[in-house]
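What follows is a single structure, written as structure tokens, with notes after it.
Naming follows writing order (A, B, C and D), and every chain is counted from residue 1.
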Amino acid sequence: MMYSYYPGCTLKTKAQDLERFALISAQVLGIELAEQQDWQCCGAVYPLAEDEIAGKLSAVRSLAAAHSKGEKLITLCAACHHVIKRVNADMYSNEFVRKRVNNYLQLPKNYNGEAKVLHYLELLRDDVGFSKLAEQVRMPLTGRKIGAYYGCLLLRPSNVMNFDDAENPSILEDFITALGATAVKYPFRTECCGGYLTVNDQEANEMAANIINSAIGLEVEEILTACPLCKYNLEKELGTNTKVRIVYFTELLAEALAIK
Amino acid sequence: MIRVKITPNNKQSQLQYIREISGVNINKCIQCTKCSAGCPASARMDILPHEIIRLLQLGQVEKIFHSKSIWNCASCFVCTERCPRNIDIARLIEAIRLTIIRQPGKSKFKPDDVPGIIDDKMPQQVLVSGFRKYNR
Amino acid sequence: MDKTTVRMQQIALQTLANGEVDVILGWKKGDEWYDSYPVVINDINETAELIWDAFCVNNLSKYLITELKKNLRIGVFLKGCDSLAFNQLVIDNRIDSERVVIFGLPCPGMIDPQKVKHAGLNKGLLKVERTGDKIVFITKEGVKEYIGRSFDYDKCLNCRCPNPVVSKYMLSDAVTRTDEEQYFPDVTEIEKMPLEARYDYWTKQFSKCIKCYACRNICPLCSCETCVFDNIAAGVSSKADADCEQQFFHIIRAYHVAGRCVDCGECSRVCPVGIPLEKLNRKIIKDINQLYGDYTADTDIAKSPPLGTYKVDDFDPFDGSKQGGKK
Amino acid sequence: MPRIGAFVCWCGTNIAGTVDIEQVVQAVSEMSGIVYVKDYQYMCSEVGQNLVKTAIKEWQLERVIIASCSPRMHENTFRKAAKAAGLNPYLVEVANIREHCSWVHKNKEEATKKAIALIRAAVAKASLNTELIAKEIDVENRALVIGGGIAGIQTALDIAEAGYQVDVIEKSPSIGGKMAQIDKTFPTLDCSACILTPKMVDVASHPNINLYTYSEIESVNGFVGNFEVTIKQKARSVNLEKCTGCGICTEKCPSRKSKSEFDEGLRTRGAIYTPFPQAVPNVPVIDREHCLKFNTGKCGICEKLCPAGAIEFGQEDVLVTKKYGAVVVATGFDIIDLDKFGEYQYQNHPDVLTSLEFERLTNAAGPTAGKFIRPSNNKRPEKVVFIQCVGSRDVSSRGKSYCSKICCMYTAKQAMLIKDKYPDIEVYVFYIDVRTPGKNFDEFQRRAVEEYGVNYIKGMVGKIFPAGDKLIVHGVDSFTGDTLKIEADMVVLAAAAQAKPDAEVLGRKLAISTDTNNFFTEAHPKLRPVETHSAGIYLAGACQGPKDIPETVAQAGAAAAKVIGLLSKRKLVSNPCVSVVNEDLCNGCLSCLKICPYDAIAAKELATNNHGITSKRIVAKVNEALCQGCGGCTVACRPGAIDLKGFTNKQITAEVDALCH
């Protein structure tokens, strides 16, 4: 099946692993990801103010491009996914935004939020299926205790993101189980890592510390994430501590598919 | 400490602005405090989210403008997700931030600050979002 | 003579003679090639005048209503579409099927005299004979043969039921149709129009109406003892020549046959000003099928009519719980 | 043209505030047929009614228009007044210029215009009104109570005591409902079982009460005084007459996987089971879904062991149809599913309980025999946290927008019960507001704080983080603005009350309405709180909205009083606004018969003579005793042969014409 694929800036620089493993895994799984031409930065954060239109334009360009090709738009970075999905919801249901964005962009055809945005994980769950994925695993990660870290951006607000149960999600655990590893649910797995606060406050990040301690408390050896920013914050807090390591979910995927 | 408070009316325009750009009806709040109770960043806040809404209801915007809380909100949307009254608190706090940084020279994070915080691992996503949240 | 006509005359003679029926409803030939008109006969000698040709378009089932009031038992010739109307009249309690003997006539389609005239074939025409899709035009000068259905009534081209669905005696072999017609092509066309254009279209059509009531009179299901439009006391009709009056008439009529219309197309056939009335009825049939599941008013008399019954899971556009009014 | 008098009511400022009465009076006086117009502040008052009566006599009025509130409110009032003045009551017509006009408009000019139009329509209709005479119908003097909880039990007992037959129908295998699950009741702390079980026995033994347990309503037909109800008795697989309740079968059943509904899933039960030892009837039932005999064909141990030979695997559902004069709906409530509140760890942690589970846990007859222990490790908790308003006052998609009303009191009760038995346990209650109106209620809650030292914290809990064998509760004290972390051993969630999931379906069968939350709607929130909009159907208990036991019992008594009042009448005055068939126009298609919800239309054979030839035809015939005047038939009739008296097609057309004027 053919999909439009939106990478985002960080995946081309500091988070190349996240993308690299996703792309080679997709090949093995028979998923065709065509990187969008001329994609632009999504803006990194979804503009929350009602009157901010400019910050939503680049997301709409990608959405409209995917829609015009009749393809689903696949995202990989949690932040890009959040922005694009929420902008799409605005284009679908918020007339104020829809009108202004279309007026500004003057696309060949007005865009009204018709495209379907899927995170790579949703693609694995809904279009591939975790049971099918499990069949493709060639090097099961048997015995490894892996804790999923969801963070904020994939889950909330759940009425827009519609990703999983925001308070008690299971998609990442199901993913880990499909790869043959042991999924450990630890209490802080949906708490915030501190996000961009790191530019404001360089002091100790107790938010990230809570997450790490909660995972270590349940003997988690690897923490799985889909977000470069989460990975950065958690690793920074971890410092030289080697009790646990932070990995992108795609890295484990490639490992289990024996293509890493 | 001044114990007697007079609800000021000269802040009405700022209050109105916050209401407009957030699209939030602050009168829906019943002060259940669930936002504050679940806030992962509350340890670094001098005024808790439910108190911010209460102060807005009372027109005490000045107190909020001088608080650390609005800069320490990580926009993690836990408050919005759990609010039993469907108040989008994350949006409200963003609106308060914008009310300040949209004024000339009030940006919180400036290009000059970058060298001081950057390290070789930092994804540029951090910087972009930092500028989006703290700079106009 | 046509085989079916022979069979027709035989069975009429036989059933009248042995007392199975008191009268026969059939067709006789008039003076013109296109004139085959309905008759009621009770005389065995008249049976030799009964005919079956490509112009027996008139539906005889409606005549049963008045004739059954006068006679005990009636034999009637019914084509596919006529038999559908027959069943609907049974559902409506308009006729007592116990006292009717049906002679079924599989029908290859009826010929539209207008189409013959447009083709210029009417000059000196004496007779038209049809066997299946072979049509023979007999004139003073000679004979012309055509294969195909180009002279059929439009309504016959869309026929979904050429064979009678109910009968005691079948007079010929069943007709098979291999060409798969799209069931509602004309309706789809109307549905594609924007609302305003649709409104304009119907306004224009109805404005042609001269309120002759031919559509109502021919309709096998417009069989009320007294039609509301003839009942002055009901106060629903006026003779004023205003567009709204005509629209009012046609819309009420469409609703009165909604869920009962057998799509025989007679209304459009007889309309002297050419209003495509069956389109309106077919739109309603299509909607009913979509909303309440396929229902053919006439093929199964045991089925309950969708507009006359209520089920808890019926489609209900006013039910807030399905629309977000109720949470 | 009849002589028409019009009376325009101000309804204080309700109408006069938005409608220019003077202008209305002027306009009405110019309408044709009007011979008299009068306006007054409160037309429904004694003075107002007298104005109507006097005018009827003095002006020889033949029709009366009352322009006032909805006819639902006062049509009867004015009909009575007209009757007293010698006018047939059905010659009175109400123009609703309040609900349909003044209450929905702000612009006085437009509202005035609309009020005049509404009155014009009423005048047009009234000129076509005819005198109607009401008839009498019989009343079946037996009542049906749907639901065997405390509401149904009390209603049934009160009706039975008055000497009328009552059938109680209960969905589950035993009566008792939620109250049977509860340990103690507020505000007196007496034992729930001690006050409920004797009543359950009374129901079972009362000569006037007939119990249908494990049964459901299949269909309801008829109308006030004459309901015809079909009851589905589900196959119990145990013979009610033969069973002695010895309990051998339930003890020996090898299938132990089913969760006990009565114990809120805190313990398992056999596939053949009695919900609880005090069940009424004390006869078990086989849960066929989990029974080995039904699933594999093997087993049948209960049948072999039963000394009474009461096990009947071959039983089938039985349909019983009976007639009733009145119906009381007492189907109760449920608590919401907490699956969506993942932050409180309800599905993930055994020590997070609902309040109802807590009741079972502290109940002497419960799964722990009243021993207060943590389900996770069977140890006594040291710190217990209660969280109120879980899903209540919650307008998001997860919760219910209303206050569940009972939680503040039962939480105080539960907290107090812990402190009473185990003073060393620390108890915290997180709340948004404490709402305890009711006799001795606030005093009760204050006792929890003042005497027992329960820690009430104004603020909600954000999230619970399990850590080791503790539950770390993250909350806020809104008074101090402090964030709190409490290391609790047990958390009790006061889940919102909600309507029964099948309330809407039952409502449709009964033709009674439910509100946006699926609670049944009362006929009037103040003046007719136990009646529904369908005459002869009444409401008792929490099926109408969250209620505590005292309120439920009070409403049950009120519903019973309404039923007794109805059944005590031998005859009811029927509504004369019934359908009538014009046989000349009727085709006999019987579309009317098919759609009539009251089975009030039948076919009739009519012999006609047409020029010496006699023929028969079918026409429709209305049974006036059954017809409820809904008018459905008049719409289905194509030739317009059927008409509703008082609302004839002509009258409606005249109204529409007048409005479009």
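We adopt the following convention: contacts are C-beta pairs under 8 Å (C-beta built on N, C-alpha and C of every residue); 3 or more make two chains touch, one makes a residue touch a chain.
Here the structure is a predicted model, which is why all the values come from computation and not from measurement.
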item	value
Identifier of the chain whose CA centre is least distant from the whole-structure CA centre	D
Two chains joined by the most C-beta pairs in contact, as defined above	A-B
Chain centre separation (subunit C, subunit D; CA means) in Å	51
Distance from subunit B to subunit A - Cα centre to Cα centre, in angstrom	26
Chain centre separation in whole Å, for subunit D relative to subunit B (CA means)	46
Distance between the centres, which are taken as Cα means, of subunit C and subunit B, whole angstrom	74
Subunit D: positions in contact with at least two other chains	343, 397
Touching two or more other chains - residue numbers and ranges from subunit C	none
Junction residues of subunit A, two or more chains touched	166-167
Chain-level touch network, classified as line, ring, star, complete or other	other
Subunit D contact footprint on subunit A (complex, rising order)	159, 165-168, 185, 187-188, 214, 217
In the complex, subunit C residues that touch subunit D	68-70, 92-94, 223-228, 231, 234-236, 256, 304-305, 308-310, 312, 321, 326-327
Touch list for subunit A against partner subunit B, complex	8-10, 13-15, 41, 43-45, 47-51, 55, 77, 79, 152, 155-158, 166-167, 191-192, 194-202, 206-207, 210, 228-229, 232, 235-236
Subunit C-touching residues of subunit D, taken from the complex the two chains share	397, 504-505, 508, 516, 584-591, 594-595, 597, 603, 608, 610, 613, 615, 617-618, 636, 638-641, 649-650, 653
Complex interface listing, subunit D residues touching subunit B	343, 389, 393-396, 398-399, 432-433, 458-463, 474-476, 478, 481, 483
